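Please see the structure below; I have some questions.
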Amino acid sequence: MQLSTASWPEIEAYLSRSRGIVIPIGSHEQHGPNGLIGTDAICPEVIAQEAGDEDGFLVGPTFNVGQAQHHMAFPGSVTLRPSTMIAALQDWISSFTRHGFTRLYFFNGHGGNIATINAAFSEAYAPWSLRGEPAPFACKLVNWWELRGVGEVCKRRFPVGEGSHATASEVSVTYYKYPGFQKRVSMDPKIAPNGPIRDAADYRARFPDGRIGSDPSQATVAAGAEIVGVARAALIADVHRFFDDAG
Amino acid sequence: MQLSTASWPEIEAYLSRSRGIVIPIGSHEQHGPNGLIGTDAICPEVIAQEAGDEDGFLVGPTFNVGQAQHHMAFPGSVTLRPSTMIAALQDWISSFTRHGFTRLYFFNGHGGNIATINAAFSEAYAPWSLRGEPAPFACKLVNWWELRGVGEVCKRRFPVGEGSHATASEVSVTYYKYPGFQKRVSMDPKIAPNGPIRDAADYRARFPDGRIGSDPSQATVAAGAEIVGVARAALIADVHRFFDDAG
Amino acid sequence: MQLSTASWPEIEAYLSRSRGIVIPIGSHEQHGPNGLIGTDAICPEVIAQEAGDEDGFLVGPTFNVGQAQHHMAFPGSVTLRPSTMIAALQDWISSFTRHGFTRLYFFNGHGGNIATINAAFSEAYAPWSLRGEPAPFACKLVNWWELRGVGEVCKRRFPVGEGSHATASEVSVTYYKYPGFQKRVSMDPKIAPNGPIRDAADYRARFPDGRIGSDPSQATVAAGAEIVGVARAALIADVHRFFDDAG
Amino acid sequence: MQLSTASWPEIEAYLSRSRGIVIPIGSHEQHGPNGLIGTDAICPEVIAQEAGDEDGFLVGPTFNVGQAQHHMAFPGSVTLRPSTMIAALQDWISSFTRHGFTRLYFFNGHGGNIATINAAFSEAYAPWSLRGEPAPFACKLVNWWELRGVGEVCKRRFPVGEGSHATASEVSVTYYKYPGFQKRVSMDPKIAPNGPIRDAADYRARFPDGRIGSDPSQATVAAGAEIVGVARAALIADVHRFFDDAG
Amino acid sequence: MQLSTASWPEIEAYLSRSRGIVIPIGSHEQHGPNGLIGTDAICPEVIAQEAGDEDGFLVGPTFNVGQAQHHMAFPGSVTLRPSTMIAALQDWISSFTRHGFTRLYFFNGHGGNIATINAAFSEAYAPWSLRGEPAPFACKLVNWWELRGVGEVCKRRFPVGEGSHATASEVSVTYYKYPGFQKRVSMDPKIAPNGPIRDAADYRARFPDGRIGSDPSQATVAAGAEIVGVARAALIADVHRFFDDAG
Amino acid sequence: MQLSTASWPEIEAYLSRSRGIVIPIGSHEQHGPNGLIGTDAICPEVIAQEAGDEDGFLVGPTFNVGQAQHHMAFPGSVTLRPSTMIAALQDWISSFTRHGFTRLYFFNGHGGNIATINAAFSEAYAPWSLRGEPAPFACKLVNWWELRGVGEVCKRRFPVGEGSHATASEVSVTYYKYPGFQKRVSMDPKIAPNGPIRDAADYRARFPDGRIGSDPSQATVAAGAEIVGVARAALIADVHRFFDDAG
């Protein structure tokens, strides 16, 4: 079930049986020579929507632009400053808790978001913690690539050149969703370098075509389909553990 | 062409031939008994993407949650505070201008966003105006229902009960896009009341099922298709006037 | 009755008979070759104070500097960033509602303020809407030139060259108030051009002497007196409609 | 010369002969049983305008609502939070320096503003200090009661019961300006108590009618006239010392 | 008793017998040729800790970086913008009042902090004052050099060249605490100049070696010991007056 | 070398030979029944100061209060909201880079700080990344317990009950520094439970005496001495790798 295509009476009915929601959260930023700029928003969105349709849990709109300052030297990247992202997440959290949602599961597709999302959770809890009242909600952050079983599939599919940005796996997931937008580009070097992440100019100097440690030319629709399948099942299980407050 | 499914080299190539981008901007909020919560994001997104695919202009990701504080008494509505929305739009604008975009066309689907978007434009221009340097970009706000010819179609299709929130027309556009999510609900009263917009409790008291002045049970896929067709052509023309700096 | 010249016991007494206040809100910015920089603060202040003195409703201090970033290429213009103006209005609203005022009528003299004032209203309502409590106050924005009958007088007085910035009418109102500060300047061109409003450098390039579409050399004290008279009566009526919650 | 009644070409001409401006800054808050709520805005405004008219220096619009949180338990008081006031002063300072003003003389009427104004100056200097560039402007804060000779007059006129809030002197200055708004109220106790200033509830408990240490029933138009006369001359001298960078 | 070296059960026990805390607050900034950068943090920390150890009152962690924008042209100076410092003090105050502390005594070592600390107190009281509820805490600011008897010792020890920044007295206090870090530098001129404080570049031009009005080469460990002794006793007395709400 | 006890000419000299600084960063929060509230500030401070004294690198003042909202149900805990902490770190970073420091090594003692510090780094880089200029500095975050060799010592010393909050190791380090403040408390249960971290009330319910997974009654001065010794050497090596831009 998706919030976007539901009516408010349908959400009211949903709330009488569940107090949990899954919110895909991503980014729009370069993903190397053959990856889609929307990759980090698309991956959690596809997995969450397929899982939500199968299981019945509610999927919110995708928080589709995140913290990507280090990608800004590549055309098309969009970023929020962390302080802005914290304010925006605060408002999303306030909105959902206002309606009685008590379990907010943020399903993330972008490594660069992790610190800011966790800081936003603390920002949301802080007024309650400072007032001495229990917060009427709990937030959880899960990255799609850390769901049970997903790492194994990725490693088996791409034993070499999975990498950490513009990975073969994430590009596969987007190709599975948007097969018409596959881009065939030969990679040079075959596998991209690794290094620290700082500002945008430093990033571009270290990673001239945007990839980190990866060879995404290996990406295929079939791999994407397999990854989504495994992730979908794992997500359903993990979401219920959280909604039932068991972890 | 859509930013989400493009790679950064494709955006680099696009920038060599155009400096303009269209950014759909909407909201997630109740749209009465039979309208989709995502209506105001879906309408400009559908029109912009169809127009962009036909014409070739670039369509950015949808700014999908906006200013909707007055809808918060209906389950599922999500809002940003205006101050947050201004900060977020500031970051989007900074990101696009950083890449050399000089014409940012915000294509809006939500009346409640208008004031805040215009305030955000002033916020974005202000540092340049205070420094005494020309801003290297121009922003424009257009609501889809104000595009040339669209009002006429809506009035012809729905001479009675078009209304101003959860309109028959906007629900039709969403049904055209998501025919599987049509909801058949009889309206009571047939046509919803009108009145001022203040806080959420006041709104719910005045407009108990969420509609303002409308009878959206008239919505049809066919009407949505016609509206989108007219809007698509008008958008292409209007976008080029702006990109060419002619208005 | 004016807040500035009242004592607190007088305001306490006023609150026992009315819960409404009128707050003039304007700007300090260039108004073309012969217009006063304070025009947009002076106009609503004059009308509100005359009306308040006649009728007995309370007039607050004038919020005298507003959003005027686009005027900053002309010496003497002053601006708040929209985010600052929202914060300041928030504090004014909090202050008045703290004392038990429930109807805040913002009486505006500056087109560039409209979006930001409306955004500020949403910002003020949002905490209540997100908490699920009724806001204990209502805000209304009215521009003086939109009061019943005012447009007709302006059109009759200045059928050509009324324009939209540094209008013949608003300059007349200030000359009525400050006849000693009338400035006689011949306009070249007679009627100023029209165009979009963006940043300050763009504005100055489009409107070299500051006017938009107007010929304010037609301004007279007599026209100002007539406009104020019509506006005063219309304001009294409109204020009571709002204070009585009838619109 | 006043900014409000000047045109932009007049300000342009002024800037060719002086780079200094005087900005009255006050508050709207209770001033005891017989004092005007606008007292702290009126006093510096009257003195500055008379002095500016006599001498020719430029007087900006009055920053008329300031930091007055401690007065909020008395009807009619208005306050900005200090953080808001700092942001607003930042924008005023940016606006004036944008036009080439290099000496900003803030002429204050409210003790509760002093800390926040000084903090705002540091906020305005900080970006320059952190960038390692000289700030192209200097700010100065002067309270009207500290001008040379003013204290002596006040002490001679009101040897007993001058006090520190709702003083006999400041009420006299407002009566001089607005003789029609004199209020005759007997004070009980004759002289108000003294004590620390904290939050509004604490203030009202310590100072039940709003005064601190004063007996403002002594206020007269004549005393106000004498005070304004002395202050006007002292202000002209002090302003020129600052504009000439001699102090 | 110091918060840093206490456990939470010890603080819980302390709160059963006292509701007051002393918070040293300083700065890290240049202190002339022979002064320590940490001087303004060290001085109140040393006095407070010695007094707290003697008397038993609780001493919080030192707020060790403050408002020092004017010192930024000297290597090693660190500053918060006033708006940041207000936010941080707000959080400290919220934290302590959450635990039931009702008397927060800020013991300051830096003149440049005074305005911002006072503004922060108003910021902390404002939400209570605007809500119409009594604030459950009171804040007090005391500068160590203003404690009873301290000025006399400083004047006797350093009748010439005490000055107002990098004073002989404050350097003495730091030498008493850190005798191993005494620096012997001859001063040129013997006594530093005086003048106004603005931005960093202006400050460096006026005060080339960082001192204002002082000759800190007179500083000695013995003078520091005497000053700390006098201040320690005075602080204990003053803290109890405040904790007992007697001033 | 420590910033606090250096003079500005000494820092100027240091900058001629190194552009790096180490900034200890911690928290003040409960550390279980026998741990010091200042633990997370003390640990990195002790290690950094010993290492800096041995090696000669510069150690800044300790950022001593961090993000600890989840600890607020225990008396004595102090927290910054993440948004405040980001602003404060921004100012520290701006201050150091203003003086020419290009390598800022944040040496952390508190797990709850990690997300916010990383978000702050992105906030500091963002203006450069959005302007398209290289940031003139690089930041690095290192937790003391992750330095090479430290984990091994901790595991050998405390094979059972090391835990993740109020660990036996960190309490040992503070006992090494402050042997006079060792507290002997028997733990019940012997080893504290584990679980997720949310708001303060939830935390206190899950971890009634504040510990997570630990038995800190094992802490000893000797263990602390050994840990500090290993960490000191590792820190020196790691700092130089970073200052030399080798990682």
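Per-chain numbering from 1; labels A, B, C, D, E and F assigned in written order.
FYI, contacts are C-beta pairs under 8 Å (C-beta built on N, C-alpha and C of every residue); 3 or more make two chains touch, one makes a residue touch a chain.
None of these values were measured; they are calculated from a predicted model.
The fewest steps needed to get from subunit B to subunit E, moving only between touching chains, is 2. Any chain that touches subunit C and also touches subunit F is listed here: A, B, D, E. Interface repeat of A-B: among C-D, C-E or A-C, the matching pair is C-D, sharing over half of the residue-numbered contact pairs. In summary, the pair subunit A and subunit B forms a contact in which both copies contribute largely the same residue numbers, shared numbers making up over half of all those used.
Spacing of subunit D relative to subunit E, judged by their CA centroids, is 29 angstrom. With centres set at the average Cα position, the gap from subunit E to subunit F is 25 Å.
The set of subunit F residues touching two or more other chains comprises 72, 79, 81, 83, 87, 95, 98, 130, 132. Two chains count as a pair here when they touch; such pairs are A-B, A-C, A-E, A-F, B-C, B-D, B-F, C-D, C-E, D-E, D-F, E-F. Note for the complex: subunit C touches subunit E at residues 94-95, 98. Against subunit D, in their complex, subunit C makes its touches with residues 2-12, 15, 28, 30-38, 41-42, 60-62, 64-65, 72, 74-81, 83-84, 87-88, 90-92, 95-96, 98-100, 174, 178, 181, 183, 185, 210. Against subunit C, in their complex, subunit B makes its touches with residues 67, 69-70, 72-73, 79, 81-83, 86-87, 112, 114-123, 125-126, 128-130, 132-135, 138-140, 196, 198-202, 247.
Across the complex, subunit B meets subunit D through its residues 130-132.
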